[in-house]
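Note that the chains are named A, B and C in the order they appear, and that numbering of residues resets to 1 at the start of each chain.
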Amino acid sequence: MNGVKIVVTTESGQPVQEVTSDAKGTWEVPVEKAGKYKVTLDVSTLPPNLQVRGGSNTRTPTVYEGNPASVLFALQPKTAAGAEPEQSGGGGSAFWERAAQLTFEGLNLGLIIALAALGLSLIYGTTGLTNFAHGELVTLGALLAYAFNTGIGLHLIPAALIAVILAGGLGYAQDRFFWGQLRRRGTGIIAAMIVSIGVAIFLRYLFLILFGGQSEAFAQYNAQPGIQVGPISAAPKNFVAMGIELLVLIVVGVALLRTRTGKAARAVADNPAPAASSGINVDRVIRIIWTVGGAIAALAGIMLGLSQNLKFTMGQDILLLIFAGVTLGGLGTAFGALVGSIIVGLFIQVSTLWVPPELKSVGALAVLIIVLLFRPQGILGRRERIG
Amino acid sequence: MDWITIISTTVKAAIGVETVWYALAAIGINIHFGYTGLLNFGQSAFLAVAGYGLAVTVTVLGLPFWIGIGVGLLAAVLLAVVLGIPTLRLRADYLAIVTIAAAEIVRLVFRSVAFKDVFGGSDGRRGFSDGFYALNPFPEGEYGFGWLLFGERTLWVLVVGWILVGISCAIVFLLMKSPWGRVLKAIREDEDAVRSLGKNVFSYKMQSLILGGVIGCLGGFIYGLAYASVQPDIFGTETTFFAYTIVILGGAARVFGPVVGSAIFWVLLVLVNGVLSGAVESGIITFMDSTQVGPFRFLLVGLGLILLLVFRPQGIFGDKREIAIDAR
Amino acid sequence: MHAESAIDRKAAALAAFKDLDREPGVPKPDPILVVDNVVRRFGGLTAVDVGHVEVQRGSITALIGPNGAGKTTFFNQLTGFDTADSGQWTFNGRSMNGVPAHKVARAGMVRTFQLTKALSKLTVLENMRLGAQKQLGENFWRALVPAVWRGQEGEITDRAEELLARFKLDAKRDDFAGSLSGGQRKLLEMARALMVQPELVMLDEPMAGVNPALTQSLLGHVKDLREQGMTVLFVEHDMDMVRDISDWVIVMAQGAVIAEGPPGTIMSDERVIDAYLGAHHDAPLSESDLAEQLHEAEVALEAEFEEETKK
């Protein structure tokens, strides 16, 4: 419906903006802060033969940070006053549709977390480093792709490819020139953990300086119209992204299971000392893990940038979820990290059926704490032998 | 460049509000990490529950200021117990992850729309400090000399803040010289050895967590009172990490380490900000604009933390033989 | 206590063992520690399965056995550092199963560790002081008032210095424990355990990794513990040590107690020879043998874990 005036105010009545709906009848009001808003439809601007279904021309949606809230005014032909408004039917099936939709979104998020978690977990397993800067590797990938994409003007797909390769190289360099050197100096795991915090802060603010504090989107695949698959509606890019994520995870998984390097990596992650004594070049394995870990973390960042927006804190924001995935699956176990991450992703999205979206991470973190209490070794980890 | 302003803000920073509340947070971390070896990455949550305990008691419940302080302290003790019971039996790296997760939960709940009526969402709470300023013995006016001037409100906050810092340092000094402190340091070195000598390790860790949390939470009060408001995002993980930087800068497991560290940290931050901003404005530096100066100093914080741990893990004044961060 | 001479103590201990049977689990005249059916499993592997065993008060009892026999695990069960799957044991008639490690120590049963746990960043004297029990200054509130605990601290320091002098560590009292040699750390750990004033001292391989020059001194200190009226239970590999200082020997293999007897004759017991795989039974294990056995044990463990993770 074109030309209908919408007035948005805060809960207490302070005006935010007035907009007029466009030709398709949609409108958008950017709001600064999360909170409750009051949306009023000016009935006098409606065509004379229509009215708002249900009669009330105001809505009070609650807007959460980063999540647009949609406000719908269903219109119907004007009927005689006092006529019963139509009932909207089928509450039960709506619940299941939403559940399916959220499961899909959760799976997408879980796969992204898994990409990042795999590298983090293997690095922990092989070097004992709890890397707080891993989130920044995720951001790095997204920002690199963005730079090639909008800065140089490459299409997103080659830009992403270059970014992933470059991030892999940077991962290699990070181990070759930094972490590897620290290991050689005999830096303790706690000291190394705090060093990684320094690295995280350093990179985060470097990104802020170079990229700025705003949110951006890639040049392509930006506003794709959704398609309906069964109960799920999503933009095609999401299906493709999930396909790529799955493919990469399977390739890395098969590589871990089948190739010599992969087996060596798992052996080192399991127990570095005997692995070294059985002739595995531990340093080389660690360097490969850093390279691959950096590359797939970058891919995770690009995928995250596709489904959300790019921001210099995007990696930091997801870091705890990556930790949750890794710990849930058992620190240091590669496949545990996959399972844990997908559980975390699913849990976060599906839990919004019951909890407000702004608190969805709270649930995941609470679950992480509870799991650590009862099964500190994680879901797939093994009990440590004492004595 | 306006050197007078740069120098005066820098000198003010050495004893300023930021230095005070970060010093308190860092003294707490020093007890946890420096003396007991507990990797508590959730220190910001202690500051948050204290600040919000005070704010909510006064603004939402309408109770007097002193009760608010009591509620804040109680909240910090409770948080320590709730956090400690499950986590103190875990390995150091698990403890780090659980505490950081718990702190995020606290922050997310405080900023949530669902609890906006209580905690005020992302705006936080304001208007709870009147009781504190009513006690201000300093009449209205500017205090100090030359360009080192403080308003009466700031002066009152600083006096109370530094008294708290002093008391906290005295407590840490007394405790760490005592057999109690000896048990804590021994736990940092090897828990099992301490157990085999008949000490209840869990109980000592819990006492350490509570003490460090309560001292840290005083920082939350000082922040809230100085700015007459609390916002959830002030108490994020970066606050904890900066406090860790401060502890390591001043030297872990040293009584005055956190205080000295905090003063140096903020002096450097303010000085770099002043010099760089001045240089950008007067066109000496052209590769940066004034909005990039802020992030640049935090970039330096990260770099500084890395360099410290790599080259001087004992901190600026620490003793190499005594460093708490071991090659473990 | 000190009126009795060293010979009397040794003679008394030997007399108590004189007519005992050599069967595993044989009852002793005056047991300080009685163990029944202690079982500990790791996944499919039964690390400890001890039926019945008693330790005679005032004696030096050796617990020997080949690598992987479960001696250290058994120690961990008894001292509360690991929870047994089942079983019970009494110390001085008091039931100790499920009692946490620090309470076991307070009850008078103090252990040392195979890998020494000297507290590196504390001085030798601080290490010693830590061992004292019932310290007023270990309470949070009292710690804040030095006047309350200073007197007691003085007494503790005197006792610590006396012990340090006995263990010839008095010259090192203000050094960081981390700067001591391996043997000195063993001595410090033993001296620190004595600060607890235990009735039963449990030493986990006190001679491991100590250079031969210090071994004799260590042995002397172990004998000394008995002379002062304490009971000693120690784990050891080196058969020569066992023969020299122990009054009674308990042999473990594959988690169970397989034989008991006096040190002079125990090594000729069929079951013990079998357990030690023949040739190795009376020769002290060489460094390379140890390394090899360790490696074998590790491989076995790895295999065990593989099994477990597959399940």
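As a convention for this text, contacts are C-beta pairs under 8 Å (C-beta built on N, C-alpha and C of every residue); 3 or more make two chains touch, one makes a residue touch a chain.
Remember, predicted model here, so these are calculated numbers, not experimental data.
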{"item": "Most central chain, Cα average position", "value": "B"}
{"item": "Interface with the most contact pairs, given as the two chains involved", "value": "A-B"}
{"item": "Chain whose average C-alpha position is farthest from subunit C's own", "value": "A"}
{"item": "Averaged-CA centre spacing for the pair subunit C and subunit A, given as whole angstrom", "value": "54"}
{"item": "Mean-CA-position distance for subunit B and subunit A (Å)", "value": "30"}
{"item": "Centroid spacing, where centroids are CA-atom means, of subunit B and subunit C in whole angstrom", "value": "45"}
{"item": "Multi-partner residues of subunit A (at least 2 other chains)", "value": "none"}
{"item": "For subunit B, residues that touch 2 or more chains besides their own", "value": "326"}
{"item": "Shared-contact residues (touching 2 or more other chains) in subunit C", "value": "81"}
{"item": "Residue ranges of subunit A in contact with subunit B within the complex", "value": "33-36, 62-65, 130, 182, 185-191, 193-195, 197-206, 208-209, 320, 323-324, 327, 331, 356, 358-359, 361-362, 365-366, 368-369, 372-373, 376"}
{"item": "Touching residues (chain side subunit C, partner subunit B) in the complex", "value": "79-81, 100-103, 105-106, 110-113, 117-122, 126, 129-131, 133, 135-140, 143-144, 146, 149, 153, 176, 189, 192-193, 195-196"}
{"item": "Complex interface listing, subunit B residues touching subunit C", "value": "171, 174-175, 177-183, 185-186, 188-190, 192-201, 207, 211, 321-324, 326"}
{"item": "Touching residues on subunit B, where the partner in the complex is subunit A", "value": "39, 86-87, 90-94, 96-98, 100-102, 104-105, 108-109, 111-114, 116, 121-123, 238, 241, 244-245, 248, 288, 292, 295-296, 298-299, 301-306, 308-310, 313, 325-328"}
